[in-house]
Amino acid sequence: MTPRADDRKFDVAIVVGSDSDLPILAKAAALLTEFGVSHDVQILSAHRTPKQLDEYVESFERRGVKVVIAAAGKAAHLAGRVAASTVLPVIGVPLDDGIGGLDALLSTVQMPGGIPVLTVAIGSAGATNAALAAVAILAIDDSELTHRLARYREKMALDATRKNDELQHLGVEEYVRKKSPHG
Amino acid sequence: MTPRADDRKFDVAIVVGSDSDLPILAKAAALLTEFGVSHDVQILSAHRTPKQLDEYVESFERRGVKVVIAAAGKAAHLAGRVAASTVLPVIGVPLDDGIGGLDALLSTVQMPGGIPVLTVAIGSAGATNAALAAVAILAIDDSELTHRLARYREKMALDATRKNDELQHLGVEEYVRKKSPHG
Amino acid sequence: MTPRADDRKFDVAIVVGSDSDLPILAKAAALLTEFGVSHDVQILSAHRTPKQLDEYVESFERRGVKVVIAAAGKAAHLAGRVAASTVLPVIGVPLDDGIGGLDALLSTVQMPGGIPVLTVAIGSAGATNAALAAVAILAIDDSELTHRLARYREKMALDATRKNDELQHLGVEEYVRKKSPHG
Amino acid sequence: MTPRADDRKFDVAIVVGSDSDLPILAKAAALLTEFGVSHDVQILSAHRTPKQLDEYVESFERRGVKVVIAAAGKAAHLAGRVAASTVLPVIGVPLDDGIGGLDALLSTVQMPGGIPVLTVAIGSAGATNAALAAVAILAIDDSELTHRLARYREKMALDATRKNDELQHLGVEEYVRKKSPHG
Amino acid sequence: MTPRADDRKFDVAIVVGSDSDLPILAKAAALLTEFGVSHDVQILSAHRTPKQLDEYVESFERRGVKVVIAAAGKAAHLAGRVAASTVLPVIGVPLDDGIGGLDALLSTVQMPGGIPVLTVAIGSAGATNAALAAVAILAIDDSELTHRLARYREKMALDATRKNDELQHLGVEEYVRKKSPHG
Amino acid sequence: MTPRADDRKFDVAIVVGSDSDLPILAKAAALLTEFGVSHDVQILSAHRTPKQLDEYVESFERRGVKVVIAAAGKAAHLAGRVAASTVLPVIGVPLDDGIGGLDALLSTVQMPGGIPVLTVAIGSAGATNAALAAVAILAIDDSELTHRLARYREKMALDATRKNDELQHLGVEEYVRKKSPHG
Amino acid sequence: MTPRADDRKFDVAIVVGSDSDLPILAKAAALLTEFGVSHDVQILSAHRTPKQLDEYVESFERRGVKVVIAAAGKAAHLAGRVAASTVLPVIGVPLDDGIGGLDALLSTVQMPGGIPVLTVAIGSAGATNAALAAVAILAIDDSELTHRLARYREKMALDATRKNDELQHLGVEEYVRKKSPHG
Amino acid sequence: MTPRADDRKFDVAIVVGSDSDLPILAKAAALLTEFGVSHDVQILSAHRTPKQLDEYVESFERRGVKVVIAAAGKAAHLAGRVAASTVLPVIGVPLDDGIGGLDALLSTVQMPGGIPVLTVAIGSAGATNAALAAVAILAIDDSELTHRLARYREKMALDATRKNDELQHLGVEEYVRKKSPHG
């Protein structure tokens, strides 16, 4: 069944330009699930399936979509095309497909005045941050989400602190030997 | 009077790293005014006045800030420092201060997984888009703002269409002569 | 009157993303006129007026358009958006709008497999070459156009040769003094 | 037997600068075969065998060549050298040979005004797109080719849609596990 | 036990943004040990654990810290954040985390006037040089350290000379075969 | 009289590769004067006057030099050549001479393991920071200098705060009109 | 009269791709004159006048040419085309024509194995150095030229030393005021 | 025995900055042997063994050295340091040591006016071309060497032609299967 016919409601729409981008963006979807944020993931290309992409964007209103995440590589027009057809906040994730992702970064972030794309880091860190930023946007009027974000930050800080504590305990040499034996 | 003592409430906090960045970001402030979005503008540097910056960020909760816009040039750490201390959505505007803004772009957008900065285009287009994106975020639960954004888009399209109509009327040569005599 | 209602036929459609790009592309239009190639010039933005752009592209078939030239700066999605909606040859001209045009170049040329954009040099040289390439494509089955292209090349070579002859006559110092007194 | 003596006629000439470039360009040749477009593939270097290259270009007229595809890496002069000796449309494919292909891209695309090279993406996507663009150029006066191009696009869209449908069916996690187990 | 409670004194503080950076910086720590320079290594992130980082920096005075080494990748704000809170010399080591380390280099070195970060090479060479530079700074008023630095240089020169002597003895071919059999 | 014969003692040696670099480095010298740090400025080129440069470096010991600042553009070898002949801390200032200073930055910062050059930002900000870093290094065992550095930072923060206060007082529009009438 | 008919003998052939490049290369010609090295300057384009260029290269043998200097901007194929047709040493000068000269640098220097182009710096410094390198090559078996090169170096060193002496005499502030009043 | 004591005469001096660079430059040495050109290879670093390097350069005159090849990575100062101390032609080979060799390329090629370094391509192609260029320089007054260079070119062209002939014989698919089964 095509996405157009599907009237399921969700808060965040994730679009990837190619199914080879899915493994990276799967982390964003998993993170949204972790935060209890409803979302939808579609493979829709600005170049190969532009009409389906446009139809999907047109469905945002009736589906109650609030934030869009669009990820693509090379001449990454996906986020920009989405942004041209909606006034919803669009988060762009540039993916590395050959020259370090610089092409995708510039194609995503250098939007002309009038049509913003909110761009995050290239690749995996960007996918994580796109999800967190979407949550942050939804959290503005949702104190429970704000609370979860704060806990996520605390947990992240705690993990880092725990590693540091272990480093203090083991010393550099032993820590490196234990944690990254092939470093 | 320092910003910390000021308990005025507003939706969008705009921070610039240096007063030389103000002329560019003034457009963002003007655009927020045009949209009727309350905002505040501060010159606070991640490097020269880090404590005041942190205090300002700490004041966001009691001031009801919902979105932050942070603009800086060179090794632009401003947006990242703000993002490290708040879970609010932070929009970063990289500014060109010597090598085309590539340093500011990479310093702003390449945030590690966990702490997103939503980055827009380098310079003036980015300032405009930061404001529009902030409005778009606030518009999620505000149909009036959504309406204004839609009208802004329509007006922008109309302006472009009017120029195109004039081009059709005048022809290329005459249009260029009239509109950009020194082009 | 909007371009959609206009059913005038022409061989080459020139689209620019903004009227500030017109002075550069005006050279392309003038060159097509010089070659006797019918053409049309429109200001249509992939981001600000995407629907009008799509409608214009949809009109190509009934208007008998054979080649498209699309020029834009920054995150230049214009040529790619046109290419996504037509199987006609699309020539992309990247324009410099701040970082030397590298953003527009990569956004135009790095198209994914399946949807080609034929990209020429950044800026003015690219505008000239887009027109010449369009003529070259039309000349495949038009011996008169081929003849004109050959004469254009000859004239270009002749101009270069004349300059060289003058250099041989004047010597370097005198030539530079005469031709580029402020060089 | 040298290529010069061969008077076989064909529509598209593919030239690669080195036989190490053949695996990438083989896709372009296969695609032309799929479209029923006659073509020829030669290993001819702008630097190592410039005379044979020039002779090959000179043979284009009597062989009825209509479009040229030239692919090279590093200081990729191949397409530019071909373009300097013919008024036929020349499509340049930059190949990555060490610094991401940026050298080949700039050497191919930044042609001076007067001698266009129509440049496509770096590497494999570029090879595919060079073939498709050549077909698009030939299709201008060939409705059968236009039809095949349209069907190619449809098939491409269908493939993407099928993947998306499978994604909707399986869900992200399962799709990623099944399709890219090592992603 | 957290680093804050620890009042051990040392000359050089090494901070890494993530424990994945430890294997590279472990060389710096080992080199400081070799020179007999007391030091401390902490995993503290400008983004994930900013407060702990600031507390650590605040502890520098009572711990008698004289030089700081800070290493991070991507949008590397670590060294800059440390430098914003101390007037001690701060050495920044940019690490490669995806685009060759150019992002980390620019984020580290392009500090605004007023807050210097002394930046060394990307990655492993930078880690070595950060340690040597810290020793050089401490050696200004310590003739024994100066002596050790001079001997380190001599040993380095001697190693290089020994390799060269072996090359003279073996000849190029044999040397390459023996030393880099898979070169 | 050549610099070699001069046995004046000073703490910081500033070397510029060309007298065209002096206006930028003059700020560093003035800043050192402001901090009461004795210094010397020489125009000595790694390429044009390498022997004088080496002799100058050899004089560092008897002159009691403690820190070196070396500034150059293009293939900036100056700091590296100094660093190869001394174990003193060497601060490199890359200068922009044509491609944004990227050549000078990479030539200065990418030193091989063993011979550090402590690199600061390109151009004017770098010159300021080189002086401040030299002071910071000298301040390690000089509480008076540490005090002055702290006051410099306070003054810098105060200036920024004053500008911010004025901004709060005037509002953005008025501030921009008053402070950057041509912005 | 065309260059081909001219049988004047000379040691160094200077070729520029466009007469707009002459002012920069005029310095190279003047320098050769200063060294008493016979030379010839031609405007010949790899793209606009490839045949005349090839004929000129073919004339090198009978004219006794020993070294070639070729200067061009953008996709600078000139030096490479010359190098493909002669075994004489070819010196390439990349010229800046829009993106800092990086395109011309890479197009000139990244020649494939087998066909060297000896590349010097972008622009004016490169033009000077191309002439000096040509002289250095000719000086290998010409002790008088070697002597002149040595004197040129001495004069260059003397000029630098004189400036430095004046700096020592005037002090930094006064020197900058006098020499670069607008610096 | 140190290189200084060695008074063997040779035409070409090859210097590499590190023994890890030898495998690449070994090709240059082998090529010089193939051409019957006497040469010498030394591991001498501009940074680790600057005095030995300078002594080696000083020995060039009594050893009858005519051309120098210097290869290094990162902030590659080697060729520039040699060039600063000799008027002989110096060929620089930039090596890739982390960011694609761009740092080494710019550090080698961007020499200031007055001290040329003749730069070839990054890495292996550059090593080959450095040797060929050295031969070309020596061949200016050596008709036998010129003859060998011409034969080398012919052989290179023949090899390319043979591959092309085989391609014509086998067809693209079969050629790729046979020659690059894993391409």
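We just call them A, B, C, D, E, F, G and H in the order they show up, numbering each chain from 1.
Basically, contacts are C-beta pairs under 8 Å (C-beta built on N, C-alpha and C of every residue); 3 or more make two chains touch, one makes a residue touch a chain.
For clarity, every value in this text was computed on a predicted model and none was experimentally measured.
K.L.:
Counting one step per pair of touching chains, how far is subunit C from subunit B at the shortest?
P.N.:
Counted as steps through touching chains, the separation is 1.
K.L.:
Quick check on the contact graph: shortest path length from subunit C to subunit D, in steps?
P.N.:
Tracing touching chains, the least step count from subunit C to subunit D comes to 1.
K.L.:
Work out which of B-C, C-D or B-E repeats the contact pattern of E-H, with more than half of the residue-numbered contact pairs in common.
P.N.:
B-C
K.L.:
Distance-wise, how many Å sit between the C-alpha centres of subunit A and subunit C, to the nearest whole number?
P.N.:
Once rounded, the distance between the two centres reads 36 Å.
K.L.:
How big is the gap, in whole Å, between where the Cα atoms of subunit E centre and where those of subunit G centre?
P.N.:
42
K.L.:
Express in whole angstrom the distance between the two chain centres, defined as the mean CA positions of subunit A and subunit D.
P.N.:
Result: the chain centres lie 34 Å from each other.
K.L.:
Centroid from C-alpha atoms only, then distance subunit B to subunit H, rounded to Å. What do you get?
P.N.:
51
K.L.:
Could you list which residues of subunit B touch at least two other chains?
P.N.:
Residues 18, 45, 48, 74-75, 100, 102, 109-112, 114-115, 117, 121-122, 125, 153, 156 of subunit B each touch two or more of the other chains.
K.L.:
Write out all the pairs of touching chains, ordered by chain label.
P.N.:
A-B, A-C, A-D, A-E, B-C, B-E, B-F, C-D, C-G, D-G, D-H, E-F, E-H, F-G, F-H, G-H
K.L.:
Where on subunit F does subunit B make contact in their complex?
P.N.:
Subunit F residues touching subunit B: 96, 100-102, 121-123, 125, 153, 156-157, 160-161, 163-165, 167-168, 172-173, 175-176, 179-180, 183.
K.L.:
Considering the complex alone, what residue numbers of subunit H touch subunit E?
P.N.:
Spelled out, the residues of subunit H in touch with subunit E are 1-3, 6, 18-20, 22-26, 29-30, 41-45, 48-49, 52, 74-75, 98-100.
K.L.:
Can you list the subunit E residues touching subunit F in their complex?
P.N.:
It comes out as residues 66-67, 87-89, 91, 105, 109-122, 124-125, 128-130, 132-133, 136-141, 146, 149-150, 153, 156.
K.L.:
Spell out the residues on subunit G that touch subunit D in their complex, using ranges where they run on.
P.N.:
Going by the criterion above, the answer is residues 17-18, 45-48, 50, 73-75, 77, 80-81, 83-85, 102-103, 106-112, 114-115, 117.
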